[in-house]
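Structures incoming, each one as structure tokens.
You will see two complexes here that share chain A, one where it goes with chain B and one where it goes with chain C.
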Partner chain A sequence: MNALRSSPLLFAACVLALALLPVLWPDPYMLSVVASAGIFIIAAISLNLLLGFTGQLSLGHVAFFGIGAYTSALLSLGFDLELPGLAQALVVTPKPVWVAFGGGIFVAGLFGWLIGKLAFRVRGAYFVIVTISFAQVMRMVAINWVDLTEGPMALNNIPPLTLWLPGAGTIDLVSKSSAYWLVLAVAVVSYLLVAALVHSRVGRAMVALRENETLARSIGVTVTDYLRIAAIGAAAIGGAAGGLYAHTVRIIDPDVFMFMFTITMVIMVIVGGKGTLAGPVVGGLLFGLVPELLRGRLTPEVQWMLYGVLMIVILVFMPRGIVPALTRRRKARPAVVQPVARMAGDTR
Partner chain B sequence: MNHATQAAVQAPPAPLADEVLRLEDVTMRIAGLTAVDSLSFGVSAGQIVSLIGPNGAGKTTTFNVISGYMRATDGRVRLFGEDITGLSPDRIAQRGLVRSFQRTSVFAGCTVFDNILTGLHLRGSVGVLQALLRGRAFRAEEERLRAEAREILAFVGLSGRADEIASGLSYGEQRLLGVGLALAAKPRVLLLDEPAAGLNPSETESFKAMVRRICDTGVTIVLVEHDMHMVMSISDHIVVLNHGRLIATGGPRAIQQNPDVIRAYLGAGIDRAKA
Partner chain C sequence: MDQFLQHLVNGLVTGSTYALLGIGLTLIFGIMKVVNMAHGELYTLGAYAAYGFVALLGVNYFAAIFLSALFGLAVGAVIEYLLLRRRNLAAMDEVMLIMIGVMIVLQNAELLVWGGVAKAVPSPFSQEPIVMGGVSVSPTRVFVLGTAVVLLVSFYMLIEKSRLGLAMRATFQDKDAAKIVGVNVSRIYTLTFALGSCLAAVAGALLAPVFVVSPTMGDLASLKAFAIVILGGLGNLLGATLGGFALALIEEFGAGYISTAYRDAIGFLVILVVMVARPQGLFTKKERVG
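So, the complex of A and B:
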């Protein structure tokens, strides 16, 4: 199940290969395609924490993405707000981009906490409905609160994220390759955060909730605490993905709350393998890059049908997703020596 | 264990000094049906106590009330003298009372080793921050938990299966794993709900031996069981329920000869008015 836990070398090699991509193949179009797939992969990694590890299907995950994007964009642009009851308009001056980016993560996490508090009273279908409604409400707010969000006119001229280098000073991360590296860095950090959380007592409690909630309670797992941790973590990382989107695309409108984005994330997680660390990455690369490879060769209608067929075929032959199917095949060979090898690998 | 056996012979009303669990007039009504009717009994430390009775007598409901999965309509449950009525199952587990379930209940998609490791939840204290930072305290705790998990697996005899996925185990092995999971929570009182159901005779024998070994480590055990051979040979004390009411308590020998018990198991409902 944990393909990359047993082989940190493989993980390091993958990261290195991805990091070298802009040097080896400096095609700006291709880099921007991979970078935008990367943003969705980060969002899928965050969704996987909730969907894959605690087993809660959130169909409103794009809300956290959008909240992160809008918060980060608004903080970096500055805004003024007239609130009823306040004599003067609340004026927020533009903040440094990284402060704004952190603010986006924080506010998204805060909403994750709030949604966790409200929604985890119900489970199953009701939870799904609450999360869908939440994302729709957020979309309506973004469309209609024109004073703050500019509504459908969109927020534009969002400043890019910056990097301070000794000697070179502060540079804007606007070039395709720098945006690519930025996305890659955030993705690696997100991946490692989720990996660290999952391979701990906290993560085991989350998996226990997914596998058998009644039994989990009997061994002393406080259900709501761990669901809330997962919701906050998922929302915060989702917010980071949104912030990246805002500062690399540099224009956002209420369409960032589109239901289609949630579906894309869910498909990435499920096809890749929910509850595995590598799943969202594999699924994300597949569904993020294939559309670009096919662009121009097939008409969009044919493409959409093809994705549908692709997903069905994958799930028929690998019902738990690509990653579990591959690791099982690998695991099937060395059966006897496993206990020792595994423990040795675990105690790193 | 022996001193406790003797204590149980005394009359029940006077609360025993080493009593770990006490039910006081517990009543549980479920949609008009009184599943448990003002039930009172105590469990002394270090004993193996069996809760028996015909089907529908209210045994599992009693377990659910004790372990917090159901909230008693009336009455109190005390654990080590503390009132635990209405606490949630996880809070009760934190206070040292853990249960196993009637149906096999394991984390089916996880390996046997990870099952036990998960069961050790209460034995660890690592939070989110420590998990993310992976400091020395974190690694020390993981190491300790892994060692404990290996010990528990050896105790229930599943060491050789550590890397199997739990759903791939045989029925009997899954029951053992269920007990291992409960043990991992380091209970001081362990409730086992029909642990031997569906086991073959030799499996039942080794299961009995294991229950005794658990008891020898100082864990008090309350058992719901239909296998009378097992109940009579293993119990220090037996509590008999019928239609939600307590009809007899005592040692195995006394229970076997108790006319009310015989009637409950063999006779029809006509004689119930007497009891």
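So, the complex of A and C:
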């Protein structure tokens, strides 16, 4: 759980190894596979903040992914919109891609705040259903608000993200290896942000409310505030993943709001280990790369059936996920809390 | 006025099947505290079972509905026995995720067996609509409404009048106390899950000749069942019945007078509004069964 803190070297080595991948193995197909897995890993990292650290099972996380993707794509393409009550159409000129990307993160975060405000009035099953409904409403809006989103006709020709290098000027990040590095960079930043948040006072408050909300409340943890912070953070990073998706795939349609995307993120977190920093990364690499190994050998339906079975098996036999199962032995140490010596006369 | 009546009739037909879906889900939640994410898949299985019996095996449609019901009952019992028995159902999120696993497996199995192309189940009734005043309705839909209402009423009788119903209500109120007075709680759980699944399967079988059958039809059905159950208050049977009719009527009138495109979004908006304004449901003071 404390991978970053206990071994920054291990973390740096992993990042370095991943960064060198395009040099060591310059296969464009594999790079794009790993990059698209990486986008979902970023989304899974953000979901883990809610699901793993505050213990709130959100099954609408794809909403923020989609909102980030659509906002970023629309801002970079520009759009005009006739709003009822306004005499003039609202015209938005195309914005620079990075501004659009930031806009996507901002709007997704804003929705995270809004949904946090609504959904955290309820817990448990109710919370889950509210989050699912929110994602479904977003999907219907994307399908039906054709003036803005083009509906099922999709948004095309979304510009790629760019990089300014001294000497080389501004270059489009279109090649497979540059897209890979871009995803890796955003993933590392997201991981570090979540790690910093989790290791702060805020993160400890989140874990406290996950373990026992009433107890946390009683010792003065303002539960709703921390839940809201988690929701905004998770939504913003989820929005960043969506923005990356929009600018690397460069075409999006309402399917970015698919329930199956949420399920994919949830499986990554659960299989890897919820509430651990490395969990979504391990689960994501596994879940993102195994389909490639099985491609051609098994039909997609059989693969999905296997993932369903895998998810059930992990939940039944290894409910904390792979990472805690692997690190448990290493972390085993005597209990911190020593029993208080019995007082004389204590007859229990 | 005719248009209003037409929407009302359509809404009642759809509402009766929504109610079947909703009470199955709310029963399972009320008694077992399991949020059954796979509920829509049982609905799909019921529809495919009806298709299999009617179109492939040449069974009479009415017999096929009965066989689909038995099939749903059996599949529900197997799922409960394999995955939920001896499991700590208090870990609600974990159980919910297990049911999502079940949903993924079932849906892809359907895709594998039947392919992605939608199937049509021939209706045994004439295609000629029954016209009364300005309202017309197909005989198939009348049959759906009639059967669903009979099922709903007999289900209430089962819960309210029978010994089994008494044991189920006792388990709902206090599982441990029910155990003390001799209720076999794990058998009640299996029966509850099987009965809930059976109702979903029947709803699927009933609607199979009205709509087409496809592997993903359960997704929307699941989500709508949740909307219905939320409307009525989780665990409230009467609430789920009223919620089923209410959702269908809201959708029907919303589609008729406001926007057809957002028809399916209405249910989710209802959930969001109810959750914000009245999280315990519209038709209830607190969670209860019966």
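Throughout what follows, the second predicted complex is superposed on the first by the 321 of 348 C-alpha atoms of A that agree within 3 Å, B and C clash if a C-alpha of one lies under 4 Å from a C-alpha of the other, contacts with A are read in each partner's own complex, and residues count from 1 in each chain.
Convention: a residue touches a chain if its C-beta (ideal position, glycine included) is under 8 Å from a C-beta of that chain, and two chains touch if they have at least 3 such contacts.
Owing to the predicted nature of the structure, the values given are computational and were not obtained by experimental measurement.
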Item checked: Superposition on chain A - do chain B and chain C clash or fit -> fit
Check: Of the partners chain B and chain C, which touch A:212 in the superposed model: first, second, both, neither?
Finding: first
Next item on the list: Go through the superposed model and pick first if A:90 touches only chain B, second if only chain C, both, or neither.
Entry: neither
Margin query: Applying the document's definition of touch, where does A:10 land relative to chain B and chain C: first, second, both, or neither?
Written below: neither
Note to self: By the touch definition at the top of the document, which applies to A:193: first (chain B), second (chain C), both, or neither?
What the structure shows: first
Note to self: Output check: A:204 vs chain B and chain C. Expected answer is one of first, second, both, neither. What do you get?
What the structure shows: first
Item checked: Contacts of A:229 with chain B and chain C, given as first, second, both or neither -> first
Notebook entry, point to check: Measuring by CA atoms in the overlay, how small does the chain B-chain C distance get, in Å?
Noted result: 13
Checklist line | Of all residues in chain C, those that touch chain A in their complex | finding: 29, 35, 83, 87, 91-94, 96-98, 100-105, 107-109, 111-112, 219, 223, 226-227, 230, 234, 259, 261-262, 264-265, 267-269, 271-272, 275-276, 279
Notebook entry, point to check: In their complex, what parts of chain A are in touch with chain B?
Noted result: 193, 196-197, 199-205, 207-208, 210-212, 214-223, 229, 233, 338-339, 342-343, 346-347
Note to self: Per the contact definition, I'd like the list of chain A residues that touch chain C in the complex.
What the structure shows: 55, 57, 118-119, 121-122, 124-126, 128-130, 132-134, 136-137, 140-141, 143-144, 259, 263, 266, 270, 299, 301-302, 304-305, 307-309, 311-312, 315-316, 319
Next item on the list: Over in the complex, which chain B residues touch chain A? Could you list them?
Entry: 67, 69, 88-90, 93-94, 98-101, 105-110, 113-114, 117-119, 121-122, 124-128, 130-132, 134, 138-139, 141-143, 145-146, 162-163, 181-182, 184-185
